[in-house]
Amino acid sequence: MLSSIIWTPLVFGLIGLLVPRRFTAWVAVLGAVITLGLSIGVLAGFDPDGGMQYVTDVSWIPGLGVDYSLGIDGVSIFLVMLTTVAWIPAICFSAMRSTERPALYYLMLLAGETSTLGAFLAQDLLLFVLFFDLMIVPFYFLFGVWGRDRGGEDDHAGSPGEGAVSVQSATLKMIVFTLIGSLLMLVGAIAAAVISADGGELTFSIQTIVARGLPEGSQNWIFWFFAAAFLVKMPAFPLHGWMPDSYRAAPLPALAVFSAVLSKVGAYGFLRVVLPMMPDASDLFQTTMLVLAIASIIYGSAMAFTKTDLRLVLGFSSVAQLGFITAGIFAFDSTGAEGAVLQMVNHGLVVVPAFLIVAMIAERTGSEELGPMGGLAKKAPVFAVIFLIVSMATLAIPASANFIGEFYILNGLFQVGAAWAIVASVGVALAAFYALRMYQLTMHNPLPEGSDSREISLRDALVLVPMVGIVVVLAFCPQLIIHGSEQAVDSSIAIVREVAK
Amino acid sequence: MDIEWYLVLSALLFATGFIGVMVRRNPVVILLCLELMLSAGALALLAFSRMLGNQDGQVFVLIVLVVAACEVVVGLGLVVAMYRRRLPLDVDEIKELKG
Amino acid sequence: MTFDAPTIDYAGLSPIIALTAGLVVIVLAAVFDRVKRFGPGLALLTYAVTAGCLIWQWNADLDLVSGALRIDGLAVTLSLLAVIAAAVSVLLAIGDPSETQAGRSDWLALLTGSLLGMVILAQATSMLTFFVGLELLSIPLYALCGTNLRRRESLESGLKYLIVGSVGSATLLYGLAMIYGASGATGFQAIADGLQAGDGMLSDSLTLVGVGLVAVGLAFKVSIAPFHQWTPDVYQGAPTPVTAFMAVATKAAAFAVFIRFFLVALGPLADQWDVMLAALAALSIVVGNVGALAQTSLKRMLGYSGIAQAGYMLAGIVTATQAGVDALVFYLSAYVAMNVAAFAVVVIRERQTGFSDDISTLRGLGREKPLLAWPLTIAMLALAGLPPTAGFIGKLYLIEALIDDDWTWLAVMIAIGTMISLGYYLRVVAALWMSPAGEAEGDAAIDTASLPPQIAGAQADPFEDPGADRRWYLVAPALIAMAAALFFGVIPQPLVDFAQHAGDALSVWVP
Amino acid sequence: MTATWAWLVLLFPLLGSLTIGFGFKVLPARVAGLIGISAIVAAFICGILALIGLQGEPSESRHVASSLWEYANVGGLRIDLGIYVDPLSIFMVLVVTGVSSLIHIYSYSYMKSDQGYHRFFSYLNFFVFSMLVLVLGGNFIMLIVGWALVGFASYALISYWYRRNTATKAGMKAFVINVVGDIGLYIAAILIFKNLGSVDYGTVFEKAPEVFTTNEWEIVAICLCLLVGAFAKSAQMPFHTWLADAMEGPTPVSSLIHAATMVTAGVYLIARCHSLFELAPTAADVAAWVGLATLMIAGTIAIAVTDLKRIIAYSTMSQIGYMFVGVGIGAYSAGMFHLMTHAFFKALLFMAAGSIISAMANMQDIDKMKGFRKAMPFTAAMLIIGALALSGFPGTSGWFSKDEIIDFAHFRGGMYDWMWAGMLIGAFMTAVYSFRIIFRILPGPACKEAEYLEEHGHVIHGEPKNPATGELEDTEVGYPGEEHHIAEQAGGMKFAMSVLGILALIGGLVQVPGVDEVITNFLEPTFEDSVFAHMHPSTHEAWVGLGEGALISILGITFTWFLYIRRPDLPVKFRERFRAVHALCVNKWYGDEIIDFLIVSPVKAFGRFCNRVFERFAIDGATAGVAGLTRSAGAAVRDMQSGMLRGYAVLMLFGILAIAIYFLIRSI
């Protein structure tokens, strides 16, 4: 069952190579929809108190002790749902526009989905690492082949704007940064398995490694190898150096899922791998991690309200949001961790429409720079309202599920120390500023010459409205996610809580 | 007589050959120096063989001699080919490939 | 006096016999014009028979020729890799100027001779066969490098390779002599026994210097820094089919003897030499990777990359464990696939563009000729160690072996090296897929001014072949190698078994 | 049953908002307006039904908690989607829905020719919904939800004319300051949960006295955090700067949100949490002192500024200051009473102001207004009623409510006597600024707009301009459409103003000391547990207080009359003489500048620093540095690769020597 979820997208991507050009996109849409259907099927049969479910465990490379081992629990199920949901608008959005080399494009997009799902479902450490590395490959192509060079731009406030970016250097930066982390993680993963086996039978099964435990000294360095991978992926301050350039160069639909889902793999990794496997090190480095997380929040927010490129505003806001998530996880508190999980889903759901909206704005104004924009709401009330909802969810206005997530995270942080929560909450205020700024500067104010205030087309609305609908529904009952994931989250942090005591 | 002297001599031969490779520019001379280096090895082998009292080393030397001859053949062949292409016979001038 | 004819194990010797016979036939064929054109066919047949014999001897575990050779898993697997590389090289050479100018049969004879050296080297268990095999491998290669007589670079590379290689050989010989002196024996097992028993007549320090010299000599062959400098030059200058052969097969054979000599003969001294080899491996990883960064010649870049890859592989020996050997052989096998895919594309591109291997000739290839672009792309991703290719599994294997033996720092070096390597491998991928549409001008319209200088007066190269991308014997190796690199990335277990077969052969000597 | 009615109170405005919002293309404008009005009226009726249900209960069990579903529940932090109905919340519901109904009716006419009619009513209904969530919410999280949603609705309505830069800027300011307040509430809620293990009102208020001792630091911290929220929402110092800018919104919005309902949420919050504040008297005193400071400072500003709506806005701040003092010192029912009467007369004042601004073709500067007495008799009358009530003229509603607070301060004595004195000064200023409006606008020779209105019977249609900057605008953007409406000619406006006028005049009679104390009695179940529940001045003292109030008020009005009617030259002279003081007041005591200097500028500078310095040098620099290092290593390797064989040999020699030396050293 889980295998079919993982591999369906790729299979459809390959079918897309065979069918005539004009059907490619729709084959891809079909593939994504079927994947969603499968994941809904899993969700329907999911038991929140059932621990690891739908387990598949086949020996893959017996010579190396690597198994093809999949499973789903309360944390991964929602991230899988997020993935399968998020890919649909991205694909549909592209399908409604003409794409160069469509077969390859959709193959890469769907391969990205496959690998992301694999990372969420893998229960074998090496399989996880493999999928983690694999994710970056299709996105390297997506960004590189369908991205575009960006010239240097002034930010229209008299200050120097962003420099010129070439696709090649941007994507190279991205992949090098990401792999710095994930190669070290590969070393760390192998070390974890080898050390925990301690001469016994080598296995990479996460559960077995957790059960066997690692000596404290080894935990310390292995922790950082994993943390490097995850922090880069998120990205977290100060490892976000790759983000601005690649965000500016990337094609927006791919960027939407990239930002929405791939960043979560890092956070997920902390919860699934790092905390259970390296509880002592996690406890030891809790303060460091919290400092990094809070720094991400503050720095990301500060950058988000200074940048004028819409993509960068969203990009840095993601840095801040992921900071919240990391902080929640490293609070070692069930509210904090649960808030983090909730926030992972929420942020993913919000970011996808946000990036697609940026694409639509660019279609209307021919620019992604905030400076000369404005007034787009004039003839496009529906568009404006959709964007408004998205912005409000981004800034985690109370009544959105994002608020519940943030609130739980803050509550978790407070249990560690009041100061953490208070400093983190500065990020909440800044978020209000940058999210609203983004909305206002595009939708409000006078409409400049050359911009076209055009209502969202029905087709685009069909893409966006369901996403926004999910955001709204979750706003009414975040408990849906909390209930499903609570048990899994608790068990993820159980060991580290024990140690922290 | 101690084996040391043989070893010292062979080391000197080896060093001479190596220095020759480093300082000479004519490929033919360099080939000669290479022969010197191989001979150094051969001498050491012979000395050890003699001292140890087994014949393995001597057999080895025979083979080394053959190999050395082969090397020179190929080397000279290349030198001739270069000469025919009117390329300079100076290793300092042969530096098209670099970087 | 009675004469006891030595018992000859013909089955065990069959690969060598087959290859030798083939070599004779190919040389003879040169005499008859009408047979000449079947040269490649003959060579391929020879290799096929050899491969058949090797597979026949798959489970063999025998000493041959009074312990001078040994056919076992290690020998069989690595010989197979060399044979595959040679076969590919034969295909890639069809119609190549080097082959034509040197005379087809002569060229093939040299190649086959070198291959024979490799097969011997893979089986060598005595200093004599070691040295003979090594020289038999090297000397034809020196000549092969120079076979493109029209090109100055080709001759230059031949001469450089010859001189540097000979220095390496001499150093190796000198080291061998020392070890002979220290152990009083030439057979590998006997050396080990002699070293352990202290039979020899040298002080420990001189013995170790001998070990060092042998290591240097082998390092030359597998291009380990700081004995690597011939590599980029020769890779770039030699005719591409030769480079392809050299890159892959030489490494396979040289590593075979590297493993055997260090783990069997010098096994007792493993504690002494492991740090040195680790340092060499680390240095190679760094030098190879940073050196490749700003190269514009694809072949030269692959040369540097070969240095780095040799460093990765050497790490497998550092561990002195079976797992390390397994990992090395696995990596080597994957390396064969990735390099074949890459070089095949380079050969095709060279013929299409009048013998330029500049990276700029690849621009826009992804759009125009995906069938060429994909093998190269996969090859680059595999070399960079990205999933889902065999390169990733190979790195995984190596790192696992290293960590298992407490060489974590070297594993981290591999990781760091891989990061750096992205800088150049992906440049190729970027050129293939991500160069702006406007600059991708197709085959013929490459800006000639930007190409490296060719020999004067060769305006219209008679060997230029715009249709090279439709020649099955050029495209098929690329596609098959690509498929292999992908297949073994997804289902690596067969290749793992293959590699473990090699490692198992050493189970007597190493943990 | 009570709970059901209360849920219906919430449901109607939400439904109204959604219906209008989704139907914006289908529904005719008038229908949308009517839907909006009826949704609120329906909510008001349900509120009354809930009230009846509640009154049917015995006094000690006059509170109902009800929950729809579990909203979120982790680690003991359980949040229900629940409401809490007690007299206090019903009181608020009635004030909110009642005044809102009237303002909706007013808007129906006032906004008639605005292009975004649907949007306006949808927002307006949404605001009422949010406000009702705020007052009905059954736990601190629901309170926060309502709190933030009103903030959002307020933002949406301030920026309603979204193509005006000034409006969007004002909206942003209001929103961000309110979010700062929200954060105060977050932290308060977290602290409450941490100490009390729940966020439900019932549990919290019950357990608080058991857990905390008086003035324990944690309870003080909780209350101070709550106060941050309250100050931000109610525009008290130092979070007051957004309110004046919020006047960028349409006048009904100012009337509804920024006078009658939303800004009083802070008062409601303190009243709601009175049992916490009584455990932390320090925090309660802070509330009272800040209220006092605000009421006086806002009074001085209101005297100085000339923008009609802003004068009223500052007056609002000042009146809310009174309420803060009231609930801060324990006069809960008095505070709530003033909240109610203030809602009446302040809404009325804004409506009247809106009418006059309409007649002035969207000009808001009182310097330009004159002689509207004849041209707009109804509006003039309403303006006067509002001003009388505001300044506490004897008999009007404001007189009863304000002076009850002032009197309570005197009653508590001690340092509260200082507050008493301050509030009396404030009352004097109130009278001055409210009648400054009257005396500047109504009497005297008619200005040209008033003249035009008298002559032609309809208002002048000037060029549409941004009242703040004077820039020309197209009519889609700014002032409600092409046609402007005044109360004299628009039924809806007239009706709403009449009702409010009556309420402003006589609304105080529900709480006459010694006669009827409806409000106090009604709210008694809520404040039963308070230590101040049965502490109040005697009837005699109360009447003495009322007398003082009346005196001050009449003095103030007379003084103003003298200043603006008898000696109109004096104000100018004063202004010349005390230029610095005037500048201080006109510039809102430099509140914007101070906040800008202390918070906004540093934050912006930090952002710029991150963007231009840190990102560029540290992050990109480090990246480029590492890349450069690798590249130069590559260059070094390539340089060594000179192509010269002899060079290669030298390197080999070094390699061989290094290995040999390593082994030699090692074996020694």
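Here the chain labels run A, B, C and D in written order, and each chain numbers its own residues starting at 1.
Convention: a residue touches a chain if its C-beta (ideal position, glycine included) is under 8 Å from a C-beta of that chain, and two chains touch if they have at least 3 such contacts.
None of these values were measured; they are calculated from a predicted model.
Shared contact partners of subunit A and subunit B, listed by label: C, D. A count of contacting C-beta pairs for B-D and for B-C identifies B-C as the more extensively joined pair.
Between subunit B and subunit D, the centres computed from C-alpha atoms are 95 Å apart. The centroid of the Cα atoms in subunit B and the matching centroid in subunit C are 25 Å apart. Subunit A and subunit C, compared by their mean Cα positions, are separated by 42 Å.
Chain centres here are Cα averages; for subunit C and subunit D they lie 78 Å apart. Counting only residues that touch two or more partner chains, subunit D has 638, 641, 643, 645, 649. For subunit B, residues that reach two or more other chains under the stated contact definition are 18, 21, 30, 91, 94-99.
Screening every pair of chains for touch gives A-C, A-D, B-C, B-D, C-D. Every residue of subunit C that touches subunit D in the complex is listed here, in rising order: 160, 163-164, 167, 171, 203-205, 208-209, 211-213, 215-216, 219, 226-227, 229-230, 232-233, 272, 276, 286-287, 290-294, 420, 423. Listed in rising order, the residues of subunit B touching subunit C in the complex are 3, 10, 14, 17-18, 21, 27, 30-31, 34, 37-38, 40-42, 44-45, 47-49, 51-52, 54, 56-57, 59-60, 63-64, 67, 70-71, 74-75, 77-79, 81-82, 85, 87, 91, 94-99.
The touching residues of subunit C, when paired with subunit A in their complex, are 326, 366-367, 381, 385-388, 392-393, 395-397, 399-400, 403-404, 408, 411-412, 415-416, 418-419, 422-423, 426-427, 429-430, 433-434, 436, 492-493, 496-497, 499-500. Remark: subunit D residues 21, 24, 69-75, 77, 79, 81, 119, 141, 144-145, 147-149, 152, 155, 159, 162-165, 168, 171-172, 175-176, 179-180, 182-183, 186-187, 189-191, 193-194, 476-477, 603-604, 606-608, 610-612, 614-615, 618-620, 622-623 touch subunit A in the complex. Those residues of subunit B that touch subunit D in the shared complex are 18, 21-23, 25, 30, 91-92, 94-99.
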